[in-house]
Amino acid sequence: MRRIGILTGGGDAPGLNAVIRAAVKTAYNEYRCEVVGIEDGYDGLIADGRARVLAQADIRGILPRGGTILGTANRGNPFARKVIKDGQEVVEDVSHLVGEGFERLGLDGLIVIGGDGTLRIAHELFTRFKLPIVGVPKTIDNDLGGTDVTFGFDTALHIATEAFDRLHTTAESHHRVMVLELMGRDAGFIPLHAGVAGGADVILIPEMPFDIEVMCKAIKQRAAFGSKFSLVAVSEGARAKGGEQVFSRPGDAVYVPRLGGIGYKVGAMIEKCTSIETRVTVLGHLQRGGGPSPFDRWLGTRFGAGAVHLAASGGWGRMVGLRGQRIEDVAIADAIAVPKRVDPNGEPVRTAKGLGISFG
Amino acid sequence: MRRIGILTGGGDAPGLNAVIRAAVKTAYNEYRCEVVGIEDGYDGLIADGRARVLAQADIRGILPRGGTILGTANRGNPFARKVIKDGQEVVEDVSHLVGEGFERLGLDGLIVIGGDGTLRIAHELFTRFKLPIVGVPKTIDNDLGGTDVTFGFDTALHIATEAFDRLHTTAESHHRVMVLELMGRDAGFIPLHAGVAGGADVILIPEMPFDIEVMCKAIKQRAAFGSKFSLVAVSEGARAKGGEQVFSRPGDAVYVPRLGGIGYKVGAMIEKCTSIETRVTVLGHLQRGGGPSPFDRWLGTRFGAGAVHLAASGGWGRMVGLRGQRIEDVAIADAIAVPKRVDPNGEPVRTAKGLGISFG
Amino acid sequence: MRRIGILTGGGDAPGLNAVIRAAVKTAYNEYRCEVVGIEDGYDGLIADGRARVLAQADIRGILPRGGTILGTANRGNPFARKVIKDGQEVVEDVSHLVGEGFERLGLDGLIVIGGDGTLRIAHELFTRFKLPIVGVPKTIDNDLGGTDVTFGFDTALHIATEAFDRLHTTAESHHRVMVLELMGRDAGFIPLHAGVAGGADVILIPEMPFDIEVMCKAIKQRAAFGSKFSLVAVSEGARAKGGEQVFSRPGDAVYVPRLGGIGYKVGAMIEKCTSIETRVTVLGHLQRGGGPSPFDRWLGTRFGAGAVHLAASGGWGRMVGLRGQRIEDVAIADAIAVPKRVDPNGEPVRTAKGLGISFG
Amino acid sequence: MRRIGILTGGGDAPGLNAVIRAAVKTAYNEYRCEVVGIEDGYDGLIADGRARVLAQADIRGILPRGGTILGTANRGNPFARKVIKDGQEVVEDVSHLVGEGFERLGLDGLIVIGGDGTLRIAHELFTRFKLPIVGVPKTIDNDLGGTDVTFGFDTALHIATEAFDRLHTTAESHHRVMVLELMGRDAGFIPLHAGVAGGADVILIPEMPFDIEVMCKAIKQRAAFGSKFSLVAVSEGARAKGGEQVFSRPGDAVYVPRLGGIGYKVGAMIEKCTSIETRVTVLGHLQRGGGPSPFDRWLGTRFGAGAVHLAASGGWGRMVGLRGQRIEDVAIADAIAVPKRVDPNGEPVRTAKGLGISFG
């Protein structure tokens, strides 16, 4: 193995740079292998001139920095190219260009860092074109199989928990209900963990459709016992029993952004049925930006090193993951087969309920 | 002076507890005077049973805590009470009850901590009922006259600047424009200071109506010179030239909260005229909650001590303030006469322009 | 189970209050059981008048607070009482008083939160006096068996990593070696994790005695390749090959505090053999104080709830622990039998070495 | 003005990069003037090949970073060069080389950013060689005349106040006295401000020699009234009445570092005369490293822009400074003539005393 590529796909997450840095250092120190940084996800692989060998200077000082020095792209299918044929706009499949990119760059392998979507494409490239690819899981929501946890999640919890700490004092001073909408389209790990860590009184997650009456009763009961304020954690993918999801990804559209966002809907419901002044905050992009926590730097570093070792041992089609305290690897196919969800009957939810937290 | 009251009115601000703590300690240590804590602003003064002498135990550990241990209220006129007379709802002026509250509580004076609205009422109580009141200025926006700066502003800058730091890495990784809507209904100090400290490329404030073309040209120019991302600071009270303000106070209403909020409007304009992907974040209540910065603890402490000395010397109708490095006092009437605004021709704006920041 | 006691022993750790809060809430909500808070470790159990039933008001707002609301004590054997007999000072064993304390307080069980020393005593009380005790592991160093990790460790990593981030810029600006002495008397988990997360170039831990020549060669090599600064993480229990430990616990004595502390020794060695200006910082008590990280709040909460369930199911003599993502329980005897150490041949150390980090 | 130089001298301070960045941007945008970055203080001016024109890429992303991208040096007189003459080591004055450096680099002026020592040299270069120099004040201790405050001080307060917050919970849990030694060789602004902001009970500063009895009495009195713990802020330059300063600059020597440091001395005194367990922490270099606070970024930016304007208007021999809310300029000669000290009779000290804080 003399030259491997590395790319980051999908939304950014704190810890990506730790992965890149560890991969470059490990590849060089352990295998005298150089690493080619590919820009903006798969785009940089099929376009020319958007990749470069990463030198020491490129990775200096990036460990504490958020985002990805390689850039990323998270718009749909990167291999669907629109062309005009016979006066008609036609979508062409250009995924075969990836193989050409491999050759042009002289790659012996490729490390793909990404979430569900990015890894599905990696899996397809591996099975369909037999490209030598290893994966590194990335998901702030923590909703990916094949690993106990990924980098970015811990940092997101910090930001969300700090937000609760801040809202807490205002809630208490003004005798208000403060609603905080957090990430979690399909999986409610962030609202669950940050809600417990931030002292929330109500937590609404996609896995457990809520009942408005139950939620409001909990808030009114608190008020009756002297706590005239409440904190509510709402997953962007939360929904009422029998209702539908109303979320849009934080910032999916600019103009009608969170118009019908669940956070605001929940806030309106609470104010209506409890008559307690209610305020809503949508944390949005703040959850995924900025410097990674020590845990995320540590985990990203181990993933980056692990991915290089995995590639060196020819573990193509596989992905690094954390199991307990150990770095292991699994087939990408298995990792993307079953997404991870909060278990409504698991110990964490039971613990939260035992604290008196209502799930609506 | 053997007993003085203290109350906090209007929105909460980091540093309120530092004022309260310093007042209680200073009053006791320097004058053997006790301090009565009045709950929820003026409400606690006219209602019975909502005030208590503050003991050492009440103020223990409150210095690093946000909010106010006294509670606050920020709904309109506290002295307008709705009653039914002859089958009609009539609004009664109950401001005379304040004097009765003074007597009931045995107060020799009252320290009122609040912003423009709260201080206007304090001024009226002083002039109309001759009540012995001293003021402490509180405004996160920094828009109050009579003092160079107040507590809460520095903490808000921390939160806003940290938000820019977080958005920066996402903007860079995704080649996006990130818009951050910040507080500042009439005065743009927070967007100006946090924008400069956070490396913003565009700053829009109420004092300087913006031109969409100019703003978008600045962003496109950056892109042309290789910086394919931009950060935009928007005051909630910003408005286009010839346009009107479209803000609603963060959280003024629950249901249609920031629907037409200027942050989202600006984001839409930018995406439309630059064709660069744009995302919007509204920082809202996060700016006013949580623990105060060292400066705000320090200033709040000096204001609390200063207010007690001012009361002890009979400086009724006056307010403490910071002038340069000194604690001074001014007539409340003067402080509320002329609100403070960013000077479009002042050195700070010129400095920002010299950095290449566009004001639209 | 109608009444259980809870106490905290040994040095404080961020997350203790989360355990206490969760225990009180869970005991009440799930079992209608009240919790008696015992002051200052075992001292409050054998003395009279130093325990009280914990009410909701006692645990309000303690989740984000460091330390322990119960107080703690970490001086030697709490059951060795010095008395004068026949004019001679004699040490009496008063451990039988614990049983009396149990009766006096009417306890059906006791939750002991503590590290190795505190849990050994708990184990003895359980085996010798058959007292119904369950344990919760507490160790900032992470050196306790029976659990993958405990609360406090993650917060310590935050503080240590932030310290490296701060020292980094000074090291770089001044072209210096900066040495940071961290906790870890027998186990080097903190220096290892924080060193990797903070970008250290050298990590010295008790499990891997260092060679001065090797360490200095690594630093000189960096300088030769253009990095005229280095960061060195030193465990307080680190020692040179063939040498002895020279540490004293942070703050063990006041007057001759870190005189011969290993951090300073290492700094002197480096400056002598590399001729590069070297500075030393001892992080000391800052590592264990202050508010817990989200992870530590979350883990402490689960441990507190888990301990109550363990007691309710009669799991006396056992301790809660984290295994992978699950809360499990083990015999206290097993947990204290084999302390946890960094494996010099394990994947984490290999990963660090692969990054180019020298272990001396 | 077509080309000016910029250098940073003395110890690093958070905000230096903000000054550099603002100078480069302002010089280019306002005057089409380029800025030459000179490495490692005056060293880079007299040596060849250690200066370069700063491009946009050089200053990208440096605003939130601590330290100085130019490097610095803080060893004695940079113009005293040791040479061997007639077999004897002789010290030669090479300050005339500065003028040659000016010519070699083609500078029309020089911005010198530094503290007392660095500015004294600047003043000498200006008066003796008539070199066109403007100054920017830098001192974390805040002990420099000619400006109300400088960048770095606010960041140091953050770190010191956070340290108190952390020590507070340990002090309370363990019923201990915690001593924190802070910067301040001759001026006690950091211990005074951080002590008040961090809730210290005792503050010892160079300007107010302390009496051991008074200090211990204050601590014992607190214990008598139920507060069995105390926090003590000690300036590194504090001294007992009639005693001498025993400090060494944080890290002045490696081997016998803080052996006789005042923090440890004070800790020993307290433990001896109060019999309360006492622990000591020396914050040292952590106070000056890491990212600058928003205020320090804001002030550094204004200073950098102000220095360019001052140079453009030919204000040689002068220095920018902050007066109240305004950027002004003063003769360097005046700024270094009278150092700034805490006024023992001023309002800030009186405020602290009114809170019950003992100054020993």
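First chain written, first letter: the chains are A, B, C and D, and each begins at residue 1.
We adopt the following convention: a contact is a pair of C-beta atoms (placed from the backbone, for glycine too) under 8 Å apart; a residue touches a chain by one contact, two chains touch by 3 or more.
Remember, predicted model here, so these are calculated numbers, not experimental data.
Listed by label, the chains that touch chain A and also chain B number zero. Comparing the CA-atom centres of all chains against that of chain D, the greatest distance is found for A. Computed from the mean C-alpha positions, the centre of chain A lies at a distance of 42 Å from the centre of chain D.
Work out the mean CA point of chain B and of chain D, and you get 31 Å between them. In this assembly, the C-alpha centroid of chain C lies 35 Å from the C-alpha centroid of chain D.
Contacts with at least two other chains are made by residues 165 of chain A.
Chain pairs recorded as touching, per the definition above, are A-B, A-C, B-D, C-D.
Within the complex formed with chain D, the residues of chain C that make contact are 8, 11-12, 16, 40, 65-68, 71-74, 159, 162-163, 165-170, 172-175, 178, 250-251, 254-255, 257-259, 264, 267-268, 271, 278-282, 284-286, 288-291. Interface residues of chain C, counted against chain A in their complex, comprise 22, 25-26, 29-30, 63-64, 148-149, 154, 157-158, 160-161, 165, 193-194, 196-199, 293-295, 297-298, 301-302, 305-306, 308, 323-327, 347-348, 351, 354-356.
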